[in-house]
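Across the two complexes that follow, chain A remains constant while its partner is chain B and subsequently chain C.
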Partner chain A sequence: MNLQIQKETEGNTDKLLINGEVDAYTAPKLKDTLISLTEQKGREVVVDLSGVQYMDSTGLGVFVGALKSSQQHGSSLKLTGMTERVHRLFDITGLTDVMNIEAHTKGEVR
Partner chain B sequence: MLGDRDILIDRYKQFLTAYLSGRTEQALYRAQQFSRKMLEQNISPEEVINMHSTVLQTINGGIPEEIRDSFDFLIEVMMGYGMAYREHQILRDKQKALESEIEVAASMQQTLLQGDIPVTDKLDIGVISKAAKQMSGDYFHFVQNRPESINVAVADIIGKGVPAALCMSMIKYAMDSLPEQENHPSMVLENLNRVVEQNVDPAMFITMFYGNYNTDIHRFHYAGAGHEPGFYYDAKNDNFEEFMAKGLVLGVSKTTQYQAFDKDIEEGDMILLLSDGVTECRTSKGFISREEIVTLIRSYMHLNAQEIVENVYSDLEQLQDFELRDDFTLIILRRSV
Partner chain C sequence: MNDFIEMTIPAKADYVGVARLTVSGIANRMGYTFDEIEDIKIAVSEAITNAVNHAYSDGQQGFIKLAYEVHDDKLEVTISDEGQSFDVEETKKEMGPVNGKALDQISEGGLGLFLIEALMDRVDISDKAGVVVAMTKYLNRDGVDDSVDQYKPARSQ
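Take a look at the complex of A and B:
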């Protein structure tokens, strides 16, 4: 199981394109990349999750950690392009209410 | 008197000359046995070569100088292997020590988790909780603080193994130290949320479901913190529906408030609580869907609650080739009368 992370930087915004599975094995890699960005004051971090078919609770934990880091360091974090399966996880855990998550790719209304 | 080394060399010489004179299978078999003995005595590969060279020099009038020197060369080459072998031995010993420590910790955890499942003729309760590794990150707990009041908690700590188990111990003590009158579901979750938020790694969180069943009026009072939805079985309409209480997972924000809900439970109705190890069951064909789990539960519904959870677990275990990927907890509360 693999995880590819691609970074595109435009001005103050870093966009991360993630492909693969975010689980206990791949989470540390994502965490390192993501936290190093959210720790920069004023940075806008956008994570595109449309290439992620599976995420487990450890993966979810990476985003919880990134959310706290962005609040602490004054950066912003936005998640986009979640598949239905991944969105369900954020929904059940109540994270959709506290995180900036852009509407579903498939236009699903929740 | 001969030293250990001399005895070994003597033996080696016997075996080698026996082999050289007959080239028999039996002589080769002796070499295998001898090799095991040398491993037991921690004799390194380069020492074995040295022994071989020493012995060769004493039989059949010795060996040419060139070959003898080539053995010295080979000894140098083999030194790296000898070192790797000794390192491997040390690691194996260390691993054994760690394993036995984890075993002790796992049995301590079992003792911590042991609690009585309340027995009442008004409610049929079934519980199963299995760890994927030696230690579990799933937690459940029952408290009967008054004869008619049964509290149930299910929690799932992110991750598995030792870190999750340590975190679970913290939850257990936080729960145990809650004042008895404060077992209102929202209050329990709000209290625990503060404990977790202050004490764990930023990327760690806990999901929890907490409910209070009043067996006098058969009302279930409950609240949730991002926990995997369970099921509710409505006996009158013979229908399973999703059962969840929305709320943010524990440990994200200090000030989170948790809403509590009420449900009146009719005769034969069932409340099914679970950890995400149940719905994240992965088989060679993909994930097990919630509908498949409902079908499984249905097929055992004629049994009592404990038999249902045990059967569902063993079926799911089989589907995963007896290899749990995540900790697994399933609890059933069924109103009897």
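Take a look at the complex of A and C:
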């Protein structure tokens, strides 16, 4: 299983759709993509995690790094569509307080 | 007699997924719940990722040994490398949830060990020669009702 990253750009906003597994093998690709986007001043980066089937601390590290990058460069980072599993990881590690995470969309099929 | 499964993989990130599939198969066979299996997969991946990142210096081709011992009531996983040890006590001081920390104090790589301890029931890390991470997940059969129980795979002979 690999990781697919799809990008949709609309005006100032880049939306990334992530599908697959985020681990030590696939994370560098995600990191490169996120860093290059968050380095652009004023960009709004939205990451849709609904297609993530597996993630571990390597993935958490990528998002922490991207958040740091966005704060340094004056862009923004938002995470959406997290499954309960992925949300739990952010929760256990306390990252829910730090990251900008959009809650589950109402009416979403669980 | 407990079943014992052993596997050696190159210390490369490329094989973390393979190890994850293996342990997922073992845990599934033992009858863990979906969430428990996901927890075990993460813990195993974290230990391997740790070894991949820290055990061997660049250019040095190292290996990681994975051992799974299947008991009636628990799964014991031991992940060991023969590379450079890191100071477990020192690393533990830096780990933990990020609660209340400022963003620049959060280490991007320091959450792995913390997650292993949070997701497994028993964790023992030794750094005498290489790093050995021994972890146990108990199989809680009480929480499973009978209707689910009958779909459990047969126990080993």
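Keep this in mind: the second predicted complex is superposed on the first by the 104 of 110 C-alpha atoms of A that agree within 3 Å, B and C clash if a C-alpha of one lies under 4 Å from a C-alpha of the other, contacts with A are read in each partner's own complex, and residues count from 1 in each chain.
Everything that follows uses one rule, which is that a contact is a pair of C-beta atoms (placed from the backbone, for glycine too) under 8 Å apart; a residue touches a chain by one contact, two chains touch by 3 or more.
What you see is a predicted model; the values in this text were computed from it and never measured.
Asks: Kindly say whether there is room for both chain B and chain C on chain A in the superposition, answering fit or clash.
Replies: After superposition on chain A, chain B vs chain C: clash.
Asks: Could you tell me if A:G65 is touching chain B, chain C, both of them or neither one (first, second, both, neither)?
Replies: both
Asks: Can A:E44 be said to touch chain B (first), chain C (second), both, or neither?
Replies: In the superposed model, A:E44 contacts neither chain B nor chain C.
Asks: Regarding the shared-chain residue A:Y25, is it in contact with chain B (first), chain C (second), both, or neither?
Replies: second
Asks: Which partner, once the models are overlaid, touches more of chain A's residues, chain C or chain B?
Replies: Between chain B and chain C, the winner on chain A residue contacts is C.
Asks: Considering only the touch criterion stated at the top, classify A:I92 as touching first (chain B), second (chain C), both, or neither.
Replies: Both chain B and chain C are touched by A:I92.
Asks: Which segment, 74-82, 128-136 or 182-190, is the chain B region that clashes with chain C in the superposed model?
Replies: Stretch flagged for C-alpha clashes with chain C: 128-136.
Asks: Jot down the residues of chain A that show up as touching in both complexes, chain B in one and chain C in the other.
Replies: Touching chain B and chain C on chain A: residues 24, 56-58, 60-62, 64-65, 67-68, 92-95, 97-98.
Asks: Which residues of chain A touch chain B in the complex?
Replies: Chain A residues touching chain B: 24, 31, 56-58, 60-62, 64-65, 67-69, 92-95, 97-98.
Asks: Quick check: in the complex, which residue numbers of chain C touch chain A?
Replies: Spelled out, the residues of chain C in touch with chain A are 13-14, 16-17, 20, 35, 38, 41-42, 45-46, 48-49, 52-53, 97-101, 103-104, 106, 108-109, 111-112, 114-115, 118-119.
Asks: Give every residue of chain B touching chain A within the complex, in rising order.
Replies: Answer in residue numbers: 156, 158-160, 201-205, 207, 225-229, 244, 246-249, 251-253, 276, 280.
Asks: Report the residues of chain A in contact with chain C in the complex, numbered from low to high.
Replies: So the residues of chain A in touch with chain C come to 1, 21, 23-25, 54, 56-58, 60-62, 64-65, 67-68, 71, 85, 89, 92-95, 97-98.
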